[in-house]
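Below is one structure, written out as structure tokens, with a few remarks after it.
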């Protein structure tokens, strides 16, 4: 485990989380949330939690993002905050 | 075979839920029958379990999932543990489920339309979750089961009208915060002890009680459970969720969900952490929490007094009752804790009775305001008798169970000299008396002509309210059982309290 | 910059950094759940909140020298075929603790289930209110509104 | 509200931050969680007790199999709940004659051909993930999600009606229920053979190999059950959310 790598991902994650919550376009927010999921999945793979990383890649970055996009398309895309 | 009763209680509704799913949404009666049979067998197993505990010397049953024996001094698998308290609460859960199943029969098709089979599936899975919560001896397994109950109740509540959907969304947010705090607390315990079995954690923690992270773990777990049980400042989600939910759902969840969470709180306080730890810091937080409970009781009573909607009023009374139980549990006194445990059972019985009666009245009259009760004694004598029994128990008159549980709680308060708690209980009884005698007076003496035919309020979706021409026998039967149980739990209070006392670990 | 050379990071930052970030992420999520007005934003906050807790659990299971919690071929062979005792072949500090991983698989599943259900409920809300902004929904529900 | 939220979050956050000082450091091998006998037992004895090299799979499906059963139930509840909340059944109004233009609608030729090419490969890999969970990362859940996403991909590329021909709503619900019946039924089979619930070793007479191999085989069986449920429910969730519960033309 290379800790420099680890710290960079963690900081990116915080940035991604903040962006996902700041963006007013919900589609954009959802996509940034997908990036967040991939980053955290990368982190877990680095920590040796391969099964968790695999699941997060399939579920967090895959299915969650897809169903959120599906909802955004079926409802409103703009958000006030 | 008898040693498998513990797990069979849980498996019957699980398979029932799967079979109702397979039957599909066309065969509604078959779905209902399956659910009823599964709940009945499950109730038999639950009652059998009480008998087995009475017969066993140790007063508790353990069941190891997967047959994994203890190894290296720890449980490596998941273990179920049923003591007298757990057995009684499980029996309460499945019996309420069973009676509510009878109650649902005629109205489900009207309220759920095409989704009857989904309703039965979710309801049975909710019972699975509640039974599992009560019996499990594994801290993480408890989290999974809490989530099962939460998810089913989100879905069941959201099946109602648009207000129900909105309150269900708030419930999702609050419920997730609560469950996640619980999960986080369990993580803190795991990082300190390296195990998840409740008994093992408690054993390993004893020599590190002073550590701050254990205190945080305790605080997080308590916070999570309080959100789930709607303890006063955190109660925001409950009144809307339960009063706007479909009546089949509200009458079922209101008696069970908060009570089971109170049971979990007792479990965490007395078995996971031990009384010695929880009450030793009394001056710091024990006192504070009793005061919070007092505020909860008073605030719940006042909010109920201000309501004009019958179901809203009942949900605020639940908030006050939660205050009773939390206060009793934190008094650090044997009588208070026993009273708290006994109040779980009696509150479930009387809330169930009141909610059933209120649902029947609302279905019959199509009006959910208190004025709907005007002159009802002549139109619906049986229903109003059931309602009166529940109301008397809420006020605390003998021989109903509400009197005895209040008696134990008050004597607990007197034992430790916590007079303000005693005063709060008496005050709340007084308010309940005002509330319910107002309704009963209106129902007994009021003349129907006084309200006349003023227009009924529209329901929240803007449509005309649904009314029934007469009350179906299945509903009356379930109300009869519910009000009978209010009396039975009251009359056999000494037996029940004797059993419960044996289950309490020494403080 | 000489403190970098003396292992300042390894000593003070690295051991706790994961835990700090988990708290920060969790608070970001919690703040969004409490204060955001848009229901979808609340749900994104909820997902972040849950992943933060999962991050915490996975961090518990890490050991400094550990690899993945799966036996290699040689070890498997040595134990199953040659019958060597497992406690000699397996150096337990070389394997990450599998228990938190298992727990978090479950937690991820619970998280996605909650998210899916919550999205369904928010679509249901959108169907009746035609908006996902909380203040607008509450406006419609006010007695003066067209309820 | 914002201010109140900020204060609450700030207090909780700072308490939690301070408390991290009490933790054993990250990667510390001597922490109770890492040194604990439970974790050592899993690491050292899994291979003896179950003959499965992947400890996570073994702990998931056997030692804590009861948890995993409920995890599957959670997924099932999510699927059923979404249908119960969102679905609008309108089959009385429109009889919906069989649309002849099955694969013609939805997107252009390149996307559809690529999809027809890729979907079988995804499904093959998903089956490998389900079956190979004993030796490598993966298992019923991950494989099931991948199978489910292959259907989602198909629905995205060729339109939902075409995907519904492969995995209709009724069929999805039945598959999901069957998955849990496989899991819980396997546990009940253990009861009938005299063991506790989910005690796979009691199925020894039924399965080839010794009691440990019986555990290993049973794990595969329950993973298949999990995969059934997850596949069906993932697709059901997507198809309901993408069409606002109408299950007509989706995204």
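Going by the order they are written in, the chains are A, B, C and D; count residues from 1 in each one.
Just so we're on the same page, a residue touches a chain if its C-beta (ideal position, glycine included) is under 8 Å from a C-beta of that chain, and two chains touch if they have at least 3 such contacts.
Keep in mind that what you see is a predicted model, and the values were worked out from it rather than measured.
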| note | Two candidates, B-C and A-D; the one with more touching C-beta pairs is B-C
| Just how far, in Å, is the C-alpha centre of subunit D from the one of subunit B? | 31
| Separation of subunit A from subunit D, taking each centre as the mean of its C-alpha atoms, in whole Å | 20
| Whole-Å gap between the CA centroids of subunit A and subunit C | 11
| field | Contacts with 2+ other chains: residues of subunit C | value | 14, 17-18, 24, 26, 30, 59-62, 64, 66, 68-70, 99-101, 105-106, 109-110, 112-114, 116-117, 119-124
| note | Going by residue number, subunit B touches two or more other chains at 140, 144, 147, 151, 154-155, 158, 165, 190-191, 196
| field | Per-residue overlap in subunit D, given as positions that touch at least 2 other chains | value | 16, 23, 27, 31, 33-34, 38-40, 42, 45, 54, 56, 64, 67, 71, 74, 77-78, 81-82, 85, 137, 141, 237, 241, 244
| Tell me, which pairs of chains are in touch? | A-C, A-D, B-C, B-D, C-D
| subunit D partner contacts - residues on subunit A that touch it in the complex | 1, 50-51, 53-55, 58-59, 62-63, 66-67, 69-71, 73-74
| said: Which stretch or stretches of subunit D touch subunit A in the complex? | reply: 27, 54, 56-57, 137-139, 141-142, 145-146, 148-149, 152, 234, 237-238, 241-244, 250-251
| said: Using the touch definition from the top, list the residues of subunit C that touch subunit A in their complex. | reply: 9-10, 13-14, 17-18, 21, 24-25, 28-29, 32, 36-38, 40-41, 43-45, 47-48, 51, 54-55, 58-59, 61-62, 64, 66-70, 96, 100-101, 104-105, 108-109, 111-112, 115-116, 119, 122-123, 126, 131-133
| query | Which part of subunit C faces subunit B closely enough to touch in the complex? | reply | 26, 30, 33, 39, 42, 46, 49-50, 53, 56-57, 60, 99-100, 103, 106-107, 110, 113-114, 117-118, 120-122, 124-125, 128-129, 137, 141, 147
| request: Please give the residue numbers of subunit D that touch subunit B in the complex, ascending. | output: 15-16, 19, 22-24, 31-42, 45, 62-67, 70-71, 73-74, 76-78, 80-85, 87, 89, 170, 173-174, 176-177, 180-181, 184, 188, 191, 195-202
